[in-house]
Amino acid sequence: MRNTMLAVVKPQAAPGIEIREVKRPTYGASDVLVKVKVASICGTDLHIYEWDRWAQKRIHPPLIPGHEFCGEVVEFGNEVTNVREGDFVSAEMHVACGKCLQCRTGEAHICQRVKIIGVDADGAFAEYVVIPESNIWRLDPAIPQEYASILDPLGNAVHAALAGEIAAKTVAITGCGPIGLFSIAVARALGAAQVFAIEVNEHRRRIAKQMKADFTLDPAKDDVTSLVMEQTGGLGVDVVLEMAGHPQAIRTAFDIVRRGGRISLLGLTSKPVSLNFSEDIIFKGITIQGINGRRMYQTWYQMTALLKNQKLDLHPVITDRIAIEDFSKGMDRLKTGESSKILVYPNGLVSSGSLRRDPVG
Amino acid sequence: MRNTMLAVVKPQAAPGIEIREVKRPTYGASDVLVKVKVASICGTDLHIYEWDRWAQKRIHPPLIPGHEFCGEVVEFGNEVTNVREGDFVSAEMHVACGKCLQCRTGEAHICQRVKIIGVDADGAFAEYVVIPESNIWRLDPAIPQEYASILDPLGNAVHAALAGEIAAKTVAITGCGPIGLFSIAVARALGAAQVFAIEVNEHRRRIAKQMKADFTLDPAKDDVTSLVMEQTGGLGVDVVLEMAGHPQAIRTAFDIVRRGGRISLLGLTSKPVSLNFSEDIIFKGITIQGINGRRMYQTWYQMTALLKNQKLDLHPVITDRIAIEDFSKGMDRLKTGESSKILVYPNGLVSSGSLRRDPVG
Amino acid sequence: MRNTMLAVVKPQAAPGIEIREVKRPTYGASDVLVKVKVASICGTDLHIYEWDRWAQKRIHPPLIPGHEFCGEVVEFGNEVTNVREGDFVSAEMHVACGKCLQCRTGEAHICQRVKIIGVDADGAFAEYVVIPESNIWRLDPAIPQEYASILDPLGNAVHAALAGEIAAKTVAITGCGPIGLFSIAVARALGAAQVFAIEVNEHRRRIAKQMKADFTLDPAKDDVTSLVMEQTGGLGVDVVLEMAGHPQAIRTAFDIVRRGGRISLLGLTSKPVSLNFSEDIIFKGITIQGINGRRMYQTWYQMTALLKNQKLDLHPVITDRIAIEDFSKGMDRLKTGESSKILVYPNGLVSSGSLRRDPVG
Amino acid sequence: MRNTMLAVVKPQAAPGIEIREVKRPTYGASDVLVKVKVASICGTDLHIYEWDRWAQKRIHPPLIPGHEFCGEVVEFGNEVTNVREGDFVSAEMHVACGKCLQCRTGEAHICQRVKIIGVDADGAFAEYVVIPESNIWRLDPAIPQEYASILDPLGNAVHAALAGEIAAKTVAITGCGPIGLFSIAVARALGAAQVFAIEVNEHRRRIAKQMKADFTLDPAKDDVTSLVMEQTGGLGVDVVLEMAGHPQAIRTAFDIVRRGGRISLLGLTSKPVSLNFSEDIIFKGITIQGINGRRMYQTWYQMTALLKNQKLDLHPVITDRIAIEDFSKGMDRLKTGESSKILVYPNGLVSSGSLRRDPVG
């Protein structure tokens, strides 16, 4: 193994990235060195690329971004006990402290002192990435590599869907970015009675249909509330998974949820949102949940059980595959709004043939 | 409408039944008279037919049995407000008192003073049946009549499956009578990761395979515990739905459930079962639930939402269709162990073509 | 019994009320006629009295208000089966339809077509009130009459407290009107570790201390967030019961709740409230619940079990006792902000000696 | 510090123990050395002492027993970050593997590979004990040392009580050994409506009364089922905490639990128990739970919050205090059935005055 590797680097506090050779990372006694097979691009990576206000506040360059990936174990420290060379792995990139009240009571996903690999430390847009053994997730070889690279956002969808009852429920998903699109497949696999996908972007709506949403609505043209009420016998939906983070989508969530329903909020928004607490929440007796990350490690067991047993067909969401050298092109592509999940291959582009296309719905 | 109707009658405290003309039933101010389209035979009906010890204790002849059916509303009392002539309906045949603690706290399925139509009062193996409005369940015409006639046992399966988490779980079903077979479809529809069907009867195992159980095991030949452990990485299953009511099946349930798993017990047994509480329950930290009837009316909303949206393919369970005049032949057929769900047509046999065969799994 | 009775009447669409003789109410076959022993005044009654915007929209005069009371059964219709003359009773004044999805799935407290006696129909500020049998709550004679008259707001407090975990939790109560004050006693009785009472009104804070809040804070003077953080080791509280309905109190609720905590909202506000969904809800992974009414009838079982076994000492909240003729004086008194719960005696004022003062904390 | 320490030692595979000087234990990089202030004797220690069948199978002498204690941190390894010299601590003595499904999904109390300090490794009946940092529980100095030494069994009681709803419920506790007695205080503190304590031993019943059980019943003389039914209006109790592990007590548990109630099983029994599943479990729709250990670390947060805020008065359970040299006398005393919790002082006997006697019920 050579001492350097190719990586996407945010070199300084300014827009843009560089692709360059950097030192291969060293690892500690309880760390695992993983050769990255496939990484995937998240909206967060675009924030880092464009150097927006959030990035300026959070990111300390130089940094290798990338927090969604799968790969193969190549080396590990001498305190590592549960991992072997050649293991096919992904990882939970939220590294929890393990010592706060939340960590010690089964809520490590909202750890008070979490660090995110790919945001607060060097990540997976590189030939190699270092992960603490505690966060390594060993994968069944039956799971396709392309799916293994997107477990982070798929886990967001599974976490949100299973944060309350979903079986036999009517479900609306507001916002069809990758997590929203995954949520369609997840809701269907878990027995949702009907799935409404609500999205302004035409390309995303087309994918939502491919994901087999029962209804795909365009809030710019359709009277979403009326249509949802009509299809639910005037009740509204049992569950809203809010994935847009846009004030108008949040407004819709409160309008279409039924009395006693739940709204699980995942989409981030920087703008304040105004509600009428009496009408929107109290009289309707609804429950609202903030959803963050993935439950450690219930969500990982759940999503890998679903994938291993072919309950999820996610391939329509994967729209682009690029070599690491083309990372900036990926950023441009993302900005067009025409792509959804873009996969990056730091160790050589693999043909799309690696994706099994026969999952059972 | 003529004043009499054809009915299956248990005329006296002895084995057997008669098919005969009886008076068409009268109804009260809050009752609904339903013309029975399809009824279906339950194991309970065989107990009544054979006049076993349970029947001798519980049944007061003369009685028209039958507690699984669908039909059409023809008349109703003057206090009925929510039902119209021609409505396609089924009914919850457990008539709860509405006044006990259980009824007043959302647990009417374990009402202290429940009466069962078809057991404690005249039931649905007749041209007409009388049901209190409170227990009528109006059905979407999209639901096939044959499925509408088996909501009672399907509801048992849905109640058991949803009595705890099932999404992404490994599930074993011990006993593949009709409720066990329905449970396979239900578990799959709700996102169970793997379904193990365990059953000694060859005919039932064949249907279990048609219901798409991932593994179908014969406890008379297979080493069930070893096979389940092998397939679950040595853990055991997350959930057991015990539908057999046989001591050996119950023993298996405790052997194959994982630490922290749940066993939902539905199969009735007249024999005492012996357990080692320390090893079987306490050290493993499991949860055991008694499952009775259907939740009123959550289970009804859940199962009809699944059926309306074509999430369940139940047709392999329906093995026989008979005219009401052939009821005793149905009893003989049931005793062979070769049939599963037998449908009875009190108002004329309808061809099997009425069953839509295109549900989505 | 004479044919008329003394009652508080809202005679027309304008501020004020009248005390006058009206016809004693008639009742239907499933209704119960109750002689009112003690009624109590709610903030809603003040809205009706002052004829504010809400009242103008909701109330159709003439109306007898009053929805908190206890009394004695004097007569009932011929379909009533579970009530006897002389029974000591209170009632759930939210009359649910019994037929909507919410009613049929254990959520009648958010019924789509609820009617409230004392708001939508004649209520309890009168010598007699008519209640459907389904809503009558029979009381153990061990429960003091004064407590029996305030089960409606006490039930709000119990419903809110038990809408999630409360045992061994730190709990903040924002707003110490009667429901907030009751919540202090309820939280303590259910094993809350610490109770913070937050209230601007000095009189209410004094009562909060009498209810044994561990900390009583004045948001006008105290730095509430800092003090709560200091007392909770920098975590924030596990649970906020928001009883004020004031935007500033709601803001405080979000500031002091810990990561993963819950906010149960009960205080109504007519003003929109603005939140930063990312910071306030999503990153913290909190749960927010709208709390409305009382669970039918779990809450009633819970609160009467607590009262019967003397787990709640509520007497500091009861500040005034008036004869029905003095109802307008009661309204004036309420407006001073110096009183909390005002009891009204339509059938003659009983001395305060009726209140047992020996409950066990 | 000298290199040796006084300890209770099980020297070989035979009944009895020795008190002798042994080498002070060494510790690893992530371990903490604690000077034991107070340890307490568990029934398990008696099994080890008497060398019964369980002990012969599980224990590998030489062993220092003792798994309930509190003490002061004196030294620690160089990877320890969260503990300081002089910290007042107790510890969770179940050392979970951290890597199995149960450990990774919030159920470490039923870890597949748990080791217990004091059973599988040297424990706390010694001047010093070594504990991994992960299992150290730092204590607020406000918690009395005597209470701090019994957190292990108190945690069993809290775990059992909070394994389901307990607020405003009727609760029966079968078996009043120390855990059963603690359960009385816990149930009361968490708002149980009524507590029935059921116990054959007269000494234990006397303590149960001191713990303020509402009813204390002797199954050898009282008709327990009739009395419980009478006091619960014929319903039976909502919750049974089974702490006896005796077949007769288990039988009583099933007889007195109400329809829809729960039985939480903690008492271990080596004898098989026979049930009629249909009548005992299914028709009643009850839930049965195996309770093992303490939830890591929810139970610890809960019980220390209750203790710190003086919600539990446990002093009647502490019947004896002995110097470590008198350990065998403690065993004899335990066998008389007259004592309950016996405290052992490895570093010098402290007067009982250290126990604060003013907790608020």
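Couple of notes before you dig in:
Each chain gets a letter, A, B, C and D, in the order it is written, and its residues are counted from 1.
Basically, a contact is a pair of C-beta atoms (placed from the backbone, for glycine too) under 8 Å apart; a residue touches a chain by one contact, two chains touch by 3 or more.
On a predicted model such as this, the values are computed, not experimentally measured, just so you know.
In terms of C-beta pairs in contact, the better-connected of the chain pairs C-D and B-D is B-D. The interface formed by B-C recurs in A-D: of the pairs listed in A-C, A-D or A-B, only this one shares over half of its residue-numbered contact pairs with it. If each chain is reduced to the centroid of its CA atoms, chain C and chain D end up 41 Å from each other. One finds 44 Å separating the Cα centroids of chain B and chain D. Looking at chain C, residues 101, 301 sit in touch with two or more other chains. Looking at the complex, you find that chain C touches chain B at residues 81-82, 99, 101, 104-106, 296-298, 301. Of all residues in chain B, only 101-102, 107, 109-110, 112, 235, 245, 250, 258-260, 265-266, 268-270, 272-278, 281-292 touch chain D in the complex they form. Those residues of chain D whose C-beta lies close enough to touch chain C in the complex are 158, 162, 166-170, 189-191, 193-194, 214, 301-303, 305-306, 308-309, 311, 360-361.
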